[in-house]
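Please go over the structures that come below.
Look at the two complexes coming up: subunit A is in both, with subunit B in one and subunit C in the other.
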Partner chain A sequence: MVTLTIDGKQVTVARTATIYDAAKEAGINIPVLCYAKKLLPYGACRVCLVEVEQMKGRLIPSCTTPVTDGMVVTTDSEEIRKVRKTVLEFLLVNHVVECPVCDKGGECDLQDLTYEYEVVANRFQGEKFDLPTDEVNPLIERNMNRCVLCGKCVRVCDEIVGYGSYSFINRGFETKIATAFDRGLDCEFCGQCVSMCPVGAILPRPFKFKARPWQLKEVDTVCGYCGNGCTVTLGVKANKVETIRFNDKTGVNDGNLCIRGRFGYSYVNSTERLTTPLIRKDGQLVKAGWDEALAAVSKGFKAAGKNLGIITGARLTNEEFYLLKKVAATVGTTNLDHSGGECYKGVTEGLKQTLGVTASTATFPQVEKADAILAIRSDFYETHPVFGMVVNQAVKRNHAKLSIVADKRGKFGKLPDARSLVTKPGLELNVLNGIARVLLDEGLAVTDGVAGLDELKKALAGFAPEQVAAATGVTVDALQQTARELAAAKNSAILLAYGLPYTAYSKELATAAANIAILTGNAGREGSGLYLCGEKANSQGAIDLAVLPGNQGLGAQAMLAAAAAGQVRSLYIVNEDPLVSYPDQGKVEAALAGAEFVVVQDLFLTETAKQADVVLPAASFAEKDGTFTNAERRLQRLHPGITSPGSAKTDQAIFQALLVSLGDKVVYTGTEAIFDALKAGTPYAGIGYADIGLQGAVWGGDHLTVSKQLVPVGGGATVDAPFQLVTGSALYHSGTMSTHASGPNAVISAPYVEFGREDAAALQLVDGDMVQVKGSGCELQLQARVDNRLPQGVLFAPYHFASAGLNRLYKGEASVAVEISK
Partner chain B sequence: MTEAAEQVTEPDIDLTGANAILDKYVDMHGALMPALQEIQEFYGYIPESTVHLTAERLNVYTSQIYGVLTFYAQFHLQPRGKYIVRVCMGTACHVKGAGRIADTIKDRLGVGHAETTDDLKFTAEYVACIGACGMAPVIMVNDGTYGSLTVQKVDEVIEKYQAME
Partner chain C sequence: MFKEFIQGLSITFKHLLPGHSTTVQYPDERLTPSPRFRGLHRLVPTQDREKCVACYLCPTVCPAKCITVESAENEKGEKYPQVYEIDLLRCIFCGYCVEACPVEALEMTAEYELANFHREDFKFNKKRLLK
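Up next is the complex of A and B:
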C-alpha cells in the first residue's frame, strides 16, 4: 500500500493505483474524457492534469501516473483550471458545436466540462471538421466531426471485445478514428463503442431523436436473452423502452453488452406483439377475453388430466417456474419439461455423476484471473458473448492460456497464442479423452481423493494421443500442451455451453469435461471452476427448480412422441416455438396434430402458436418482476420498466389466474411471497428476496463443494460424407425471440449456410449465392456465406429462423451429411 | 455516394508473393512494418487484398494495419508509376525555381503531386528536401539524381525515361 496526500487529504491505496484512482477513492473528482474504469490507462485527453509537489515545473496526467509514497497532489488550482480550460478550447477548435440536435446533449462529458470551465469564447480559431457521417449500418451512427480522439472506442473494441473495428488513421491534424479503409462500420454491433464515447460521435441510431437523457426513466433489470445474466438498464419514456442505458455499477457485466442486450430489446415494442387471448373457432384463431380463454384452457386441461404435457422455455422467472409446476400439480400431470431439458438433462446427469453438482462450480470473476482456460464445443462468442469478453480479458490482460475444442475456428481462436483444437463434429469427446489420457500418462493427474481412476485408465486405453490425433486431426503436440497447461495452472476454467442446437453427446461431453476438471485439480479448488452456461436467461433456474418430468412423467421429446400417438391429449407450450427451435420439425408437427387441445403462451403469434387452440398473450422480461438465475448461480432481480401491450399479462399473472380457474385456493400477494414459497427444498433455501441486491445473490457461495468421481466415457462418431452440416447459434441471435427484434435483424435477418473458403472455392460459391442443401430426405434453399471459420467439409447454419426449416434436416445429431448443389 | 458503398475495385492480385513474404514473419512479434515494406517492394504499392491477407496471417486487425499505412508517408495504397519523380521543394530549390520545374513535369506528364500517369509509368511527388541543396533545383527519378535543372534539362530527363521500358 502507498500513502499520499491529495488536496490535503491523506489517502492510502494499492501500489498499482494511479493518482486518478487514489483521488476517486478519496472522493475527489478529477475531470476526464479518455479515462474509463475498465480500459487500460491511456492519457490522451490531458483534461485530468494535476500538480504534484515532487514533480514541479509541469502538470501531471493523473490517469496514467502511478502513485508513490509521500506524493503531494493538488487537483484544483488557478493554474490547473487555466490549463484545463485551454485543453477544452483546443478541443472546441475543430469540434462541431451542435448540441441542440446532438443526442448526447445532457450527458456529454465535453458539454459538461465546457460548462464547468466556462469556456464562453475561444481564443483559437481553426477549421471545423466536415467529415461525412457513417450512416451505413442501422444500429451505430458515427459522426467524426464530434470526435475528441480519446480513443475509448478503439480501445474497448480491442481490449474488451477483441474485434478491432477501429484505429487512428492519418497523422497530425488529419488524425481521425476510422475503420479499415475508412468505410462504413461492419462489425459485431455490440455497441460497446457507443457506451464508451464521451461525446456524441458514436450514437445508437435506433435512439436518434427519441428522447433527451433527462426525460428517460432508468430501470435496472436483467437481460432476457442468454444465461450470462447481464444487467440492462432500460431507458423508458412514455411506457416505451427507447434505449438501453450504460450501467457499469450493477450486476456481473461491468457495463459490457452484446448486440442482443444493447439492440435486441426492440421486440418488446414490436407492433406484432399479441395483445389479447385468441381462441380457435371454426378453424380460425379469433380474439377473445381472458375469462373465456382461461375457462377454455382450464376445461381442456382438466379433461386431459395426467395426459397433459407441459413444455416451457427457459426465459420464465423462477417465480413463474414455480407457479407452472403448481399448474402441473393441480392438473395432476407429471409430464413437465423445459426446453433446454433435452440437452441439459444429459449435461446435468454427466456432472451429477462426476462432480455431484448440476451447476457451474465457480463464478465469473474467477475466469478473469484464470491461468488456463479450456473452452469446449462452442465459441462462447456465439452463445454467451459477454462471457466471451471476460475470456478475452483473461487472455489479453492476464495472459491466460486458452485452448478451444470445437468444430470451427471462432473468434476465440484469434486471441493471442490461443490454441484451436479443431476436429470433425462429434469427435470433441475423443479430444477431451485424449487430454485426460495425457494427464494420466505424464503423471500430471491429481489422484488424491479421486474415485474411479482404474476404470477410467482402462477406458482410455484406446485414446493415446497418437490414436486421437489420427482420428481427429488434432496434433499430439496440441493435446499434450493443453493437458500440461491445464495441469500446471494454479487457477483454471473449463467452459461448457449448452442449448437447444447442441444436444448431441451432451452427457458424454459433460462427463469428459468433468473428468478433466478432476484430473487437473480444477474440481473443488478455490479460484478454479467448471462453467455450465445455459442458453437462455433462466436455464439455470429451470434446473435448480427441477422443471423436469416428475415421477413417471415424460420429457419434452417423449411428450411430443406421445402426443403424436394420441397418448398425451393436450399440450401446454409456454414461451417456446418448438416448430422452429426443436430438432426434428416433423416430430413437433405430428405432436401438434395428434394432441386434441393445444395451448400456446407467447409474446408473438409464432409458428407453433398458429397451430394452437388457445393462444395466451404473455409479457417480455421488460414487463416482469421476479428473479432469474444466471450461469454462475447468481439470482438477480428483474424490475418492470413498462406495462404490457393491450391485455397481455406476465406469465406470473397468467399462471395465477389459471390456478384460480383450476380451483387452486392459494393466492400469493406478490412476487416476494411466491419466492418465499418456492425456496423450500431448492438451493435457494437460504436466500431472502431482500438479499438479492444490486449484485444479486449467488447460491452455494463462490465455490461449490464437489465430489470427484471419474466416469469412463467412450468416443464420439462423425459423419463420413463430403459435406456435413452443423447447427448452432449465430452471434447476433438468441433462440427464436431475437428474430422478432429489429436490432439483431438489422444485421442478420435471414437464414444462411456458411462455407469455409476451401469448400466455397471448390464449389465456386461466393457470398450471397443461393444453394440447395439436401439431406435427411429433405431439401432446403439457403443463402451461402463464405468465411474462414470452417474446416473443409463442414458447413454451418444457425437455427433461429423459422423460414429456414432447418429442423426438418437437423434431428439432434452432432452433424448431418448433406449434399450441396447450386 | 456513402463511404462504405465506395468499394475499391481492385484488379485480381496474385497473392503468392505476399504469402511468401508473410511466411517469414508469421511467428515474429512486431513484424508488421518490415512485412508491409516488403510487400510494397514486391507489388510497388500495398494492394487491398494483401492488407486483408496480412491481417489474417499475422493476426493483426485490418483497421490497425490501415492505421499504420495511413500514418507513414512511405506506404502507398494506390498503384504507383515505374518511375517516381521526386521534385525537391526545399528552401534552396524553391529559391532556384522548383515551382517551374514542377510545372514543367505537370505539363509534360500530366501529373501533379502524388499523381500517377494512366500507363503507370510515372508518379510525381513533391518532397521537402532531398539533401542536395548545392545542385538546386533538383529532382530524383527513382535512385538517379538530376541537379542544376532548367526547363530544357527537365525535358531531356523526361525524354530519357520515356524512351525506356
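Up next is the complex of A and C:
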C-alpha cells in the first residue's frame, strides 16, 4: 500500500494504482477522455493532467502515472484549468461541432468538458474534418469527423473483444481511426466500441435519431439470451425498448455484451408478437379471451392428468419455473423437462457422478486470473461471447495458456500461446481421454483423495497419446503440452458449453472434463474451476430447481415418443419452438400430431404454436420481474422495463392464473413471495430476495466443495464420410428467439452452411452459392459460406432458422454424414 | 384638504378626456405589438425543409411540457422533425423554446388572435407552424 496526498487529502491505495485511481478512491473527480476502467492505461488525450509536487515544472497525466509514497498531488488549479482548456481547444480545432444532430449530445464527454471549462471561443483555427461517414454495416455508424483519437475503440476491440477491427492510420492532423484498408466496419458487432467511444464518433444505427439520452428511462435487467447472464440496461422511451445502455456497475460483465445482448433487443417491440390467446376452432386458430383460453387449458390438462407432458425452454425466471412445477404437481404429472436432447446431462449426470455437484464450480471473474485454460467444444466465442472475452483477457493480460478442443478453429485459437486441438466431430472425448492419460503417464496427476483411479487407468489403456493422435489428428505434442500446462498451472479453468445443438456425448464429455479437473488438481482448488455453461439465460436455474423428469416421469425425448404413440395425451410447450430447435423434427411432428391437446405458450406464433390447440401469449425478458441464475451460479434480478403488448401476460401471471383455474388456492403477493416459497430444498435456501444486489448473489459461494470420483468414459465415434455436417450456435443468434430481432438479422438473416477453404475450393464453391445438402434421408437447400474455420470434410450449419429445416437432418448425433451437390 | 382632492381627481378626469383612453376598439381597431412580443410560434423554413433539426432542446426546456418532437432521418440522412407539435392551450408563452433552439429554427410572431372552438385546433402541428 502507498500513501499519498491529493488536494490535501491523505489517501492509501494499492501499489499498482494510478493517480487517477487514487483520486477516484478519495472521491476527487479528475476529468478524462481516453481513460476507461477496463482498459489498460494509455495517456492519449491529456485532459487528466495534474500537478505533482515532486515533479514540478510540468503537468503529469494522472491516468498513466503510478502512485508513489508521499506524493503530493493537486488536481485543480488556475494553471491546470488553463492547460485543460487549451487541450480542449486543440481537440475542437478540427472537430465538427454538430451537437444538435449528434446522438451523443447530452452524454458526450467532450461536450460536458467543453461546458465545464467554458470553452466558448477557440484561439486556434484549422480546417474542419470532412471525412465520409462509415455506414457500410447496418448496426454501427462511424463518423470520424467527431473522433478525438482517444484510442478506446482500438483498445477495447483488441484487449477485450480480441477482434482487432481498428487501428490508427496516417500521421499528424491526418491521423484517424480506420478499419482494414479503410473499407468500413464489418466485424462481430458486439458494440463494445460503441459503448467506449466518449464522443459521437461511433454510434448504434438502430438507435439513430430515436431519442436523446435524457429522455430514456434506464432499467437494469439481465440479458434474456444465453447462460452467460450479462446484465443489460434497457433504454426505454414511451414503453418501447429503444436501445441498450452502457452500464458497468451491475453484474460481472463490466458492461461488455455481445451482438445478441447489445443489438438483439428489438424482438420485444415486434409487431408480430402475440397479443391475445388463440383457440383452435374448426381447424383455425382464432382470437379468444383469457377466461375462455384458461378454461380450455385447465379442462384439457385435467383430462390428461398424469398423461400431460410439459416441455419448457430455459428462459423462464426461477419463480416461473417454480410455478410451472406447481402446475405439473397440481395436474399430477411428472413428465417435465426443459431441453430437447437432454444436453444438460453433462451437468446433472456427468458432474454429479464425478464432482458431486450440478453446476460450475467457480465464478467467471476467477478465469481472468487463470494460468491455463482448457476450452472444450468451442473457444467460447460463439456460444458465450462475453465469457469468451474473459478468456481473451486471461490470455492477453495474464498470459494464460489456452487450449481449445473443438471440431473447428475459432477466433481465440489465433491468440499467442493458444493451441487448437481440432478433431473430427465426436472425437473430442478421445482427446480429453488422451490428456488424462498423459497426466497419469507422466506422473503429473494429483491422486490424493481421489477415488476410482485404477478403473480410470484401466479404461485409458487404449488412449495412449500416440493412439489418440492417430485417431483424432491431434498431435502427441499438443496433447502432452496441454496436459503439462494444466498440471503446472496454479489456477486453471476448464470450460465446456452445452445446449440444444450440442447434445451428443453430453454426459461423457462432462465426465471426461471432470476427470481432467480432478487429475490436474483443478477440482476443489481455490482460484480454479470447471465451468459448464448452459445455452439459455436460465439453464442453470432449471437444473437448480429440478425442472427435470420427476419420479417415473418422462424426459423430453421420451415424452415426444410417448405423445406420438398416444400415451402422453396432452403437451404443454412453454417458451420453446421444438419443431425448429429440437433435434429430429419428424419426432416432434409426430408428437404434435399424436397428442390430443397441445398448448403452446410463447411470444410469437412459432412453427410449433401453429400446430397448437391453444396458444397463450407470453412476455419477453424485458417485461419480467424475477431472477435468472447464470452459468456461474449467479442469481440476478430482472426488472420490467415495458408492459406487454395487448393482453399478453408474463409467464408468471399465466401460471398463476392457470393454477387458480386448476383449483390451487395459494396466491402469491408478488415475485418475492414466490422466491421465498421456491427456496426450500434448493441451493437458493440461504439467499434472500433483497440480498440479490447489483452484482447478484452466487449460491454456494465462489467455490463449490466437490468430491473427487474418477469415472472412466470411453471414446467417441465419428462418421466415416467425405463430408459430415455439424450444427451449433452462430455468434449472432441464440436459440430461435433472436431470429425475430432485427439486429442479429441485419447480419445473418437466413440459414447457411459453412465450408472450410479446402472443401470450398474442391467443390468450386464461393460465398453465396446455393448447395444441396443431402443426408439422413432428406435434402436441404442452403446458401454456402466460405470461411477458414473448418477442417477438411466438416461443414457447419447453425440451427436457429425455421426455414432451414436443419433438424430434419440432425437427430442429436455429433455429426451427420452428408452429400453435397451444387 | 379639499384642494388635494381636486388635485387628485383632476388626474383622473384628465384620463377621461378624449384621446387619453388606452382601450382599443377591437376588432375594428388592432394594435401592432412590439417587435419582442411573444405570440404564436413559427418554425422557420429553409429552401426545402424546416430549419429545425429535431435536437429536442425545446421540448426539454419547455416548462409547460407542451412541445412534442419526434425525430427521424430523411432521405438525405439528415435529422429532421417528423412530428413537431405545440399545444397552445398549455403554452405559457415564456419563449424559452426560442431561446433554447441552437439553430434559430423557432421564433415567436406577433400573432395573438389564437381563439378557437375545438381543443384540437389549439394543437399546432408542423404544417401550421411553418406558415
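The rule is simple: the second predicted complex is superposed on the first by the 818 of 822 C-alpha atoms of A that agree within 3 Å, B and C clash if a C-alpha of one lies under 4 Å from a C-alpha of the other, contacts with A are read in each partner's own complex, and residues count from 1 in each chain.
Note that in this section a residue touches a chain if its C-beta (ideal position, glycine included) is under 8 Å from a C-beta of that chain, and two chains touch if they have at least 3 such contacts.
Here the structure is a predicted model, which is why all the values come from computation and not from measurement.
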Touching partner for A:539 - first (subunit B), second (subunit C), both, neither: neither
Touched partner set for A:557, first subunit B, second subunit C, both or neither: neither
Partner chain(s) touched by A:105 [first = subunit B, second = subunit C, both, neither]: second
Which of subunit B and subunit C A:215 touches, first, second, both or neither: second
Which of subunit B and subunit C A:788 touches, first, second, both or neither: first
Contact residues of subunit A, present in both the subunit B and the subunit C interface: none
Subunit C-facing residues of subunit A, complex: 99-101, 105, 208-212, 214-215
Subunit C - residues contacting subunit A, complex: 53-57, 60, 71-73, 78-79, 102-103
Residues of subunit B defined as touching subunit A within the complex: 2-8, 48, 51, 55-56, 59, 61-67, 70-71
Residue ranges of subunit A touching subunit B (in the complex, touch as defined): 132, 134-136, 158, 163-171, 178-186, 414, 416, 788
